[in-house]
Amino acid sequence: MKEYFADLFAAVTSIAKGMGITLAHLFTKNETQQYLSEENPGARWQSVIVPEGLLQDRSRMRLHVKIEDCIGCKQCEKVCPVDCIDITTEKREKTDAPIFAADGTAVKQKVVQFDIDMSLCCYCSLCVYPCPTECIVMTPEYEFAETVKSEFLYRFAKETPAPPEPPKKETSDPVAAGGS
Amino acid sequence: MSLDAAAVQQRIEAKFPGKITSAELEVTDPFLVIDNAAIVEVGTFLRDEPELAFDMLHCHSAVDYLELKEPEKARIEVVLHLTSLKHRHWIVLKVMLPRDNPKTPTLENIWPTANWHEREAYDLFGIEFEGHSDLRRIFLPEDWAGHPLRKDWEWPDEWHGIAVKPDEKFSQRAMEGENIGVGPFD
Amino acid sequence: MGLKRPDLETKISNLLSPLVVAGAGGALVLIALVPQLAALIREQLQANLSPTAAAVAASAIGVGATVFLVGQLPVFLIWFERKVAAHIQDRLGPMRVGWHGVLQSFADGIKLVFKEDIIVNGADRFLFKLAPFLVLMGAFSAFAVLPWHTGLVVSDLNIGLLYVVAITSLGSIGLLMAGWASNNKYALYGGMRSAAQMVSYEIPTAIVILSVVVQVGSLNLQDVISAQLGGFGNFANWHIFRLYGLNVIGFVLFFICGLAETNRSPFDIPEAESELVAGFHTEYSGIRFGLFFLAEYGAMFFVAGLTVVLYLGGWSGPFFEGPLVFFIKTLALVFVQMWLRWTLPRLRVDQLMALCWKYVIPFAFLVLLVAALASAGAS
Amino acid sequence: MSSQTQYKDLEPDEAYAFKPEDLEPDEMILNMGPQHPSTHGVLRIELKTDGEIVKDAQPHIGYLHRNFEKHAENIDYQGVIPFTDRMDYVGSMNNSLTYAVAVEKLMEIEVNERVQSIRVITSELQRIASHLLALGTYGMDIGAFTPFLHSFREREKILDLFEWLCGARLLYNYNWIGGLSHDLPNQWTDRAKIFLDQFEPVIDELDNLLSYNKIFTKRTADVGIIPPERAVGYALTGPNLRGSGIKWDIRKEDPYCGYEKYEFDVPVGQGRYGPIGSCWDRYYVRVEEMRQSVRITRQAIEQMPAEGDVRETVPKRVKPKPGEAYGRTEAPRGELGFYVVSDGGLIPYRVKGRSPCFVAMSIFREIAKGEMIADMIAIIGSLDIVLGEIDR
């Protein structure tokens, strides 16, 4: 009998306690943020714990290649664990005018094909580290949903090999587009 | 009182002479190789002997050594990592099996956890555990062909009409102008 | 990067939401003015028609108005529940469609109407189609006897409470039917659970109602309310304050039973989404699913309203009285139902039964006993 | 035995463990999953039910099988880390840590103290995040929705810290063989401390909202009881083992990353609301572990050396000498181990993941018998399984 009433009492008090907590939360500030609203136009998550502007510093959401700097060393292709990078190079003629990457490395290979299949990418960022000219980078741009899978083939090389029309994917600079 | 691998070896030798076929004590994780026929007795002894009390089989793996250069050394090893919660010591046991038709007695009556681990080894390596209560494939479909963690396993062509082999380079197809949809039905 | 949402959608919802808010406000005013309106209409009818025709027309208008109100209520309550849930969980809830998402329920309703009406293979098609209507009927016909004000009730039945007990059981038949007809094991479990639950909780509900009936001496809901009028501040006579405070227990018990009868959490085992996927309505889609939803929220409102009538003085209040008071009190109780739902875990089916037979029924009998003794002493 | 390449055709009911013809008159087979709201992924459980009572339950796993071990045999050592992250995807930090520890053991690399401290901090924060997910979803399984979102609110803050640290929110690729991918950013430790300060009261709130709730204790305290000797026999580890009252924690028994430097308790199940080893005990061990993790993180932040290169010992080329090593750590779900065999080449010869969830799931059939359908959910939730790790 004692147990019966103790049970009842425990039930009532614990339920009252829980209801107190939920009632208090009814009047506290909301933690979620509206995606694309007047208050949050940039579609960026405003973290409450990370100082403003620092959250995306190292974010790796989408690969981008500054193709002018690529020297065609294929290090990224080798290290990729899911084989999503595809590079073809041609030897540059000695007679061609010398080109240099941003850091001064001479470009000896002509990169005729630099494809990244973003639908395979596992965002591990392993390709970024070995790059000698830092031309392959991860950008914090994360909104790149497509309805057709072939749109995920990002073709960075300026000159593509002969075969038919390449898909009309604009490899626009994601940093400029979404870096805000 | 914790024991190291050498002490454990001594005790097993004293009880079952000649059942340890070899031992490697100078490596990172010292291990003892136990005779396949005696593994159940040795296991029971290891679990029940108060001084040893290896009551937990915390990892059960199999390794396939194809050894193409020295075919006579080809083998499948079953590796048992045993821990004693009582004495806080641990030991690695190995059992060597032939690659053709590997068979070993089940350990599920000693450590019940071996049940699923042995199903896994059966599934991926094709090791037959004699006396196992429920030896079915655990990960792969019941009608899968072959045991994929064998080093000489070959990709089947298809499974119920589903292409199994890695797709031809996707970028090649996309480059040829093919519209590849998202999802399996596009 | 600018807003990607289609602008048309925003414009439409911006245009509509003031209308909806204004409509809701207007409805509240209308509810407040209903007695006057009703009197006016009745006068007009009696002046222009023969007595029989006037009575028929009056009840037709009453039925129409109630059905309209009850049909709109769930739409509002669904939005309200989503908002309550969201804020309890530190979320925002629906924000897109209209001002703070007030049009969300309309959008969902439109979606449900246009969705494909799927009847699964192997289902008992007739029962499958019938079940949602039965459930809806059970929930909505109960409103016929719910008094909004003196004389403002669709049907002023002498046996109002008996009618309520009878008609609300109709829903459980509907649920059982839905569970059986779906040809789905989860749905069958849901149907069975709901039948067991409702049958068990009918008993304490009836006993608690009986305790009030004993105190009032009538089954008519108008009489129940008029028994609670007057007293200090026009609320001291409410049943909840009478019978030496024991009616508080009766109130709580009735509230619990109401939760159980409407399958609300923590008694939502027939549709326990983490166990039975969706329980009895697993296989329903489109508007048939929508009808279950309407019925649930309609029943919620009705149970809260009945609690208000039995224990909280119906439309009487300390400062002013009328349908608006009744509406506000009922909404407050509905809020408590929602608040409970978003706080508590779900009971298991055997614990649910244990709660009914071991805790609710003994206390219900206690309340009934004291009420009977007290009214015997008084007379 | 050469590998076959042809599959054989199955009879339709060969995928069922229970045959319709063996059923008693009142019994019914109920398939729970692979698509079910509370099987935490694609787990399929075949139940033999008699009304609400479960007579027998047979779990079927493998719907998420990717054969991670075969992957690992085809890529270099460093490339395996993104794959380990995907095993237990709510505790990635610990997975990659375990693999790194195993390969470091194989290569005999000693990482410096700063790396060790950062590894402790990140893995403890990951433990909090993982337990928050486990507790939140457990509440949801039992029917309380609100604790789930409250705990996710806190988890989100940890993920923010991780994103700031290494750029990813879920699959970090942060622990490398011999080091870390990034050093801590400026102010990171301050912000982590702020998080810990505001997080501690949240645990109490969660306790009051869910743990001590009468309905919750009723639902979980008498259900899914694992006696200690069965727990050891089935080699359960982590909170599942400690819930049965056995004090066993790799951080204490076989310290890695300098765990011996920190003071913390190992909470065990007390049997407060029912028999020891019940679902509630396992649940509450996790709550207590979050408190201990906060303690460890605070100490680790205090004791962390200010200087130190986190990539100091990262080898240029990971090429261990032939041999084998078993590295183990205390992951949120129990003892996670990697058995790495090297043949001296650039790619691992064999990597075996010892997954705690796989082992925990194997006891399910034993403890599920005789309980009710609603309890199945309670038991699965209390074992805190992640299908990505079970199926690997």
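Per-chain residue numbering starts at 1, and chain names A, B, C and D are given in the order in which the chains are listed.
To be clear about the criterion, a contact is a pair of C-beta atoms (placed from the backbone, for glycine too) under 8 Å apart; a residue touches a chain by one contact, two chains touch by 3 or more.
Since this is a predicted model, take the numbers as computed values, not measurements.
Peer 1: State the pair of chains with the top count of C-beta pairs in contact.
Peer 2: Greatest number of C-beta pairs in contact occurs for B-D.
Peer 1: Name the chain whose C-alpha centroid is most distant from the C-alpha centroid of subunit B.
Peer 2: C
Peer 1: What chain sits nearest the middle when you go by CA atom centres?
Peer 2: D
Peer 1: List the centre-to-centre spacing of subunit A and subunit D in whole Å, with centres computed as mean CA coordinates.
Peer 2: That gives a centre separation of 26 Å.
Peer 1: Mind checking the centre-to-centre distance between subunit B and subunit C? Centres are C-alpha means, answer in whole Å.
Peer 2: Each chain's C-alpha centroid was found; their separation is 61 Å.
Peer 1: Hey, how far is the Cα centre of subunit A from the one of subunit C, in Å?
Peer 2: Going by mean C-alpha positions, subunit A sits 49 Å from subunit C.
Peer 1: From the mean C-alpha coordinate of subunit B to that of subunit D, what's the distance rounded to whole Å?
Peer 2: 22
Peer 1: Residue numbers in subunit C touching 2 or more other chains?
Peer 2: 88-91, 342-344
Peer 1: If I count partner chains per residue in subunit B, which residues reach a count of at least 2?
Peer 2: Correct list: empty.
Peer 1: In subunit A, which residues are in touch with two or more of the other chains?
Peer 2: Expected reply: 15, 18, 21-22, 25, 31.
Peer 1: Considering the complex alone, what residue numbers of subunit A touch subunit C?
Peer 2: Those residues of subunit A that touch subunit C are 4, 8, 15, 18-19, 21-23, 25-32, 34, 36-37, 41-43, 177-178, 180.
Peer 1: In their shared complex, at which residues does subunit A touch subunit D?
Peer 2: Touching subunit D: residues 7, 10-11, 14-15, 17-18, 21-22, 25, 31, 45, 47-51, 54-60, 79-82, 122-126, 129, 138 of subunit A.
Peer 1: Write out the stretch or stretches of subunit C touching subunit D in their complex.
Peer 2: 85, 88-91, 185-186, 189, 265-266, 268-269, 272-277, 342-351
Peer 1: Which positions of subunit D touch subunit B when the two form their complex?
Peer 2: These residues of subunit D touch subunit B: 1-10, 14-15, 61-62, 65, 67, 69-70, 73, 105-106, 108, 230, 232-235, 237, 246, 248, 253, 323-326, 328, 335, 337, 339, 341, 349-350, 352, 354, 358-359, 361-363, 391-392.
Peer 1: For a test of understanding, state which residues of subunit B touch subunit D in their complex under the given definition.
Peer 2: Result: residues 27-29, 55-59, 61, 63-64, 79, 81, 85, 88, 92, 99-101, 111-113, 115-116, 120, 124, 126, 137-150, 152-157, 159-160 of subunit B touch subunit D.
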